[in-house]
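Letters A, B, C, D, E and F mark the chains as written, and numbering starts fresh at 1 in each.
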């Protein structure tokens, strides 16, 4: 098997995490998985949504978007079409669930964190890059909130990151780019904690169904790749 | 462990599949997983969406809805709110992908099949019931299309069905009802073919992350349960 | 004149009213006028809309919908089109006005009742079936509220029911099914109380105008048919 | 009984019909029923909606709106709220059905007529004023189309007009203004042809149900009033 | 140069300002610039938008619309399309800014003024006519509020009016009608106060860019025309 | 006068224009006016909108957006609110008109160019930065189209750029940043061609009206600043 990218089956793309990418947000990261580039910001606001009022806990919610020409063909702007598409909603719900899993919301105080992941260039794996980058931005935002005295303890329970795996020409491969993703038989997105637990596992047969053994192989490959990604997050945070 | 439902960990709810439930649709099924009741209809229309014009193949798309008071608390009607929520879009995209996996679209001719899954009573597992019931309605609809001479062969490649599994009080359990689902630590929806392949695997940690061994146990339990469900589909079709 | 249904001019379709049809709602009825089948639920919520706050009275509002393939041709789902059509709004406003006429809202307490009428199979007369079935569901819901101690007396002033009449091939006929309705020259929907008063009278010339004498004949026929319908409501409630 | 307006029970408000009120439309009328003022325009466009393509006939459709401060309290502008309300849709559907009854659409040629009724001052009876005024504008528009050679004969079958009647303090009264309408027990809108046939009859009990005898009395009163209104239309057209 | 209208380059169209045009609004003016006719109403409501709560000041906001057939070709009704177009939003934002410039909002008390400008016939210059007419309606509305004792002083700081200028066949001309506007190389809208200050200057090259000298000439012409318009406003208010 | 930025009254912020910023678009520029950063892409598609079909010319249209946290306070995402705000529509209409002024559309062939300006960090002057950056991206896109043989000549008529000026503490200043803009009495946006003509002039009094002499001074200052900006565009294109 030769991956279009020339990478080994278990090789990640070059991953770069640039902190403090924009100046206004409490946390702001540019995350790059190869040519996939996503701006992840975390905005903190005092107060919580109505359904959490008076419970002394915080909330985190996420939104996702793609610039219209982040892709090979221009996609109509969702703001001018007047609604977010199903794929967008699905991804932003996934990002929100994943990032909430990193936090103990009772220690966040009555604050709401808005995660915004905006893809400025897409080349496969935008949702896994978003989760990986947003976690770093989240940690920066928590440091800002701590300085403001807005927290009730340390809400961070664990690091969260994500990666995709797939079956390409019968072989499990890690971190698919767009070309590989388009040709893959199966696509599996995995969100994990640095303690080794799963937050989300979403596998889809693109053509033929995948077999239990293939699923096991993909999960194992994802777990390996995640270790490298957690290293990269830690390195970025250590700068 | 005592399931609220009193069922054994690997025990399905009573599943009933009533064919020809309404009179207008090419396929129409009432599917019941315990107290979860979904009307699944399949409507055939001549022609395909623009992006498939002139390619000689067919298409299948799905929509999902819940009657406002199918649930314990009334939910606002999506038609009057003016949009479908993220959960609805996510489920109907899942149903569509799953049912398309049952078909060879090139043998469908230039026809579009609309799957409509409308929940009239909800008690957990509405998406898995929908997929299971819609597959039976789809087979009935294909028979109607065959009689009309509208097909280019037999488009049915395989049966498709779905079931949920979860971790409840530390134990993997099959086919969660609403009470169990609300209290489960992890929720995993599995869509499979009767040949034993996976179409979709979607697992979400509701509270704590789930471990690789738990994932394996859940997947195994799902595979067992699926065999019974395929039996029930076949029995319904044999009537 | 031979009605397509073979019925006599003054003959209703078989009407069935099944109470407690779904388990969550305070009131829940499946009403069938021949092949027209509508699920009517009544949901009670504490509180009233803003314009009634602090007046010590309750409110009742209604929504109506059709499953996409409840009809001969599939209709686009209103939730995915992003708005309810004019016909839907017109019918749900009619249902709301009619049901409110059954109640003394000052005895309802500060509660809001949501009537949901969802057509699962359509064969003409869905609005009249909805009103007839919803009234029975309403009475069941009031009994639940009474048990909860939420009422300030008995809000039920009178029974309400509805039926359609029309001019078919020059002859006034009762309770038109879809085939008859499509071919009728005039269509008149009548909502009445069991005390013999009119709540709504809505007559429309489909082709030629109708004459005063025809209007009188239709009104008389409707009044006769209503007596049978009130009997059927009472019998259902006596079960 | 003393009507707030001081009119006799069977007395219409002063009705004025000003033709050629604006300069661009094929037909343009300002109609006044007392203080109720509506601009009715008829716009002709070549072509018909998709569902009528190739059938050699024309179409007529209507839209209705109220200026935000045409009423005693300002109503939010429907364009900025992003949708037309149920009342608006109900009225414009009524206007459309009523005006179509005036025409033989097969003689209209493949043209579409848009009726726009915009209320600039409201004082009760805006829908009946709209129908009455739009009929005159329609006749003017047909004359323009005839000159253009766009018709296939004379599409006008009959004049159409409308009036409201009600029960005020137990007495049937004609052509209710806003004060009377607000206090009336029953409100009945009647659309008729100048040949004496009914196009629409819509009666609603505002408080107590109305009795068959009251309905007869209201219908009789409406029929009388309509004769005067047809006279006024004819006089306006004779100018 | 011969203007299509036959006017001299610095000649305004006949301008008419009819006060008290409709009966419900606190201020109501029909303003006519030649064949351009706009109904401007001012509606006063107690209270202010959330962002101004508790600051002891008032607010003014504006909305603009065109009747569908106010123009040569019928435009789709914005209420039925479900949104206001970009041009509409741009104009109503301009009207709002301009009218707010006339007021000291701190003296308005906690009241909100809604300006509604609805074009019933369009022939160029609808936005400048709207601003000119709405100012007169505003002054009438302030008088009503003063009588009601709702003001905290006299909020009126200055008169505001507007006019368009353009370059037509190389010559600066005042107050363009539709024909002139369509053929003009440049279009400049100017909003001023009666003390001679500018509120807004909006110039757009329709074809070729305009030169600094042309801009100066247009601004000078606008300033001259404004003097006449302020005279007409004052005369209308003196009636 | 001391500008918050410490700049001289006629001093621009550091302006950087980075070409080929993203990889998919025909033209792609990151433009920075100080801390204001905008991604400008130009996407070419074959074909033109319906109103230009068959006329042998091309079209250019623009869209504008801000990432939710490009600003000091997070703004709700327009895609999830379901519509673009009035300010957004106003700016994208301005960008479109300005860029079309750079082109001879008849030489563009039947192609449509989509300009997307997305603000990733806002610090005042986003619309003028957008126009300035998009012009450079446009020229890059035309070179790509020329290589593809899609053009009918050289559509570029002239360079276009934009800058803001204002009155700050009574003194005309160039290129306002957010702090200066918030405190300015007047804000004037100027779009020009490199030949010295005006495309757009939009001046707004934020507080007090501005005087004719102030307008002249601001226009002069803008014209000076534009020369530097055209230099910067040319330098970027020469790289």
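What we mean here is this: a residue touches a chain if its C-beta (ideal position, glycine included) is under 8 Å from a C-beta of that chain, and two chains touch if they have at least 3 such contacts.
Just so we're clear, the structure is a prediction, and the values are computed from it rather than from any experiment.
Colleague: If you walk from chain to touching chain, how few steps can bring you from chain B to chain F?
Modeller: Steps on the shortest route: 2.
Colleague: Spelling it out: a chain qualifies if it touches chain D and also touches chain F; which chains qualify?
Modeller: Common neighbours, chain D/chain F: E.
Colleague: Thinking of A-B, which of D-E, A-F or E-F forms a repeat of its interface, with over half the contact pairs identical?
Modeller: E-F
Colleague: Quick check for you: after a Cα superposition of chain C on chain F, what is the rotation angle, between 0 and 180°, in steps of 5?
Modeller: Value: 180 degrees, nearest 5.
Colleague: Going by C-alpha centroids, which chain is farthest from chain C? Tell me that one.
Modeller: Between chain C and every other chain, the largest centroid distance is to F.
Colleague: Would you kindly tell me how far, in whole Å, the mean C-alpha position of chain C lies from that of chain B?
Modeller: Distance between chain centres, rounded to whole Å: 33 Å.
Colleague: Nearest whole angstrom, what separates the Cα centre of chain A from the Cα centre of chain E?
Modeller: 50
Colleague: Express in whole angstrom the distance between the two chain centres, defined as the mean CA positions of chain C and chain D.
Modeller: One centre to the other, that is 28 Å.
Colleague: Among all residues of chain A, which ones touch two or more of the remaining chains?
Modeller: 82-83, in rising order.
Colleague: If we trace the ring from chain E over to chain F and keep going, which chains do we hit, in order?
Modeller: E, F, A, B, C, D
Colleague: Over in the complex, which chain E residues touch chain F? Could you list them?
Modeller: Touch list, chain E to chain F: 83, 86-87, 89-90, 92-93, 97, 101, 158, 188, 192-193, 195-205, 208-212, 215-216, 219, 223.
Colleague: What part of chain A is in contact with chain F in the complex they form?
Modeller: My answer: residues 22-25, 28, 35, 37, 39, 41, 43, 45, 63, 65, 67-72, 74, 77-80, 82-84, 88, 114, 116, 118, 120-122.
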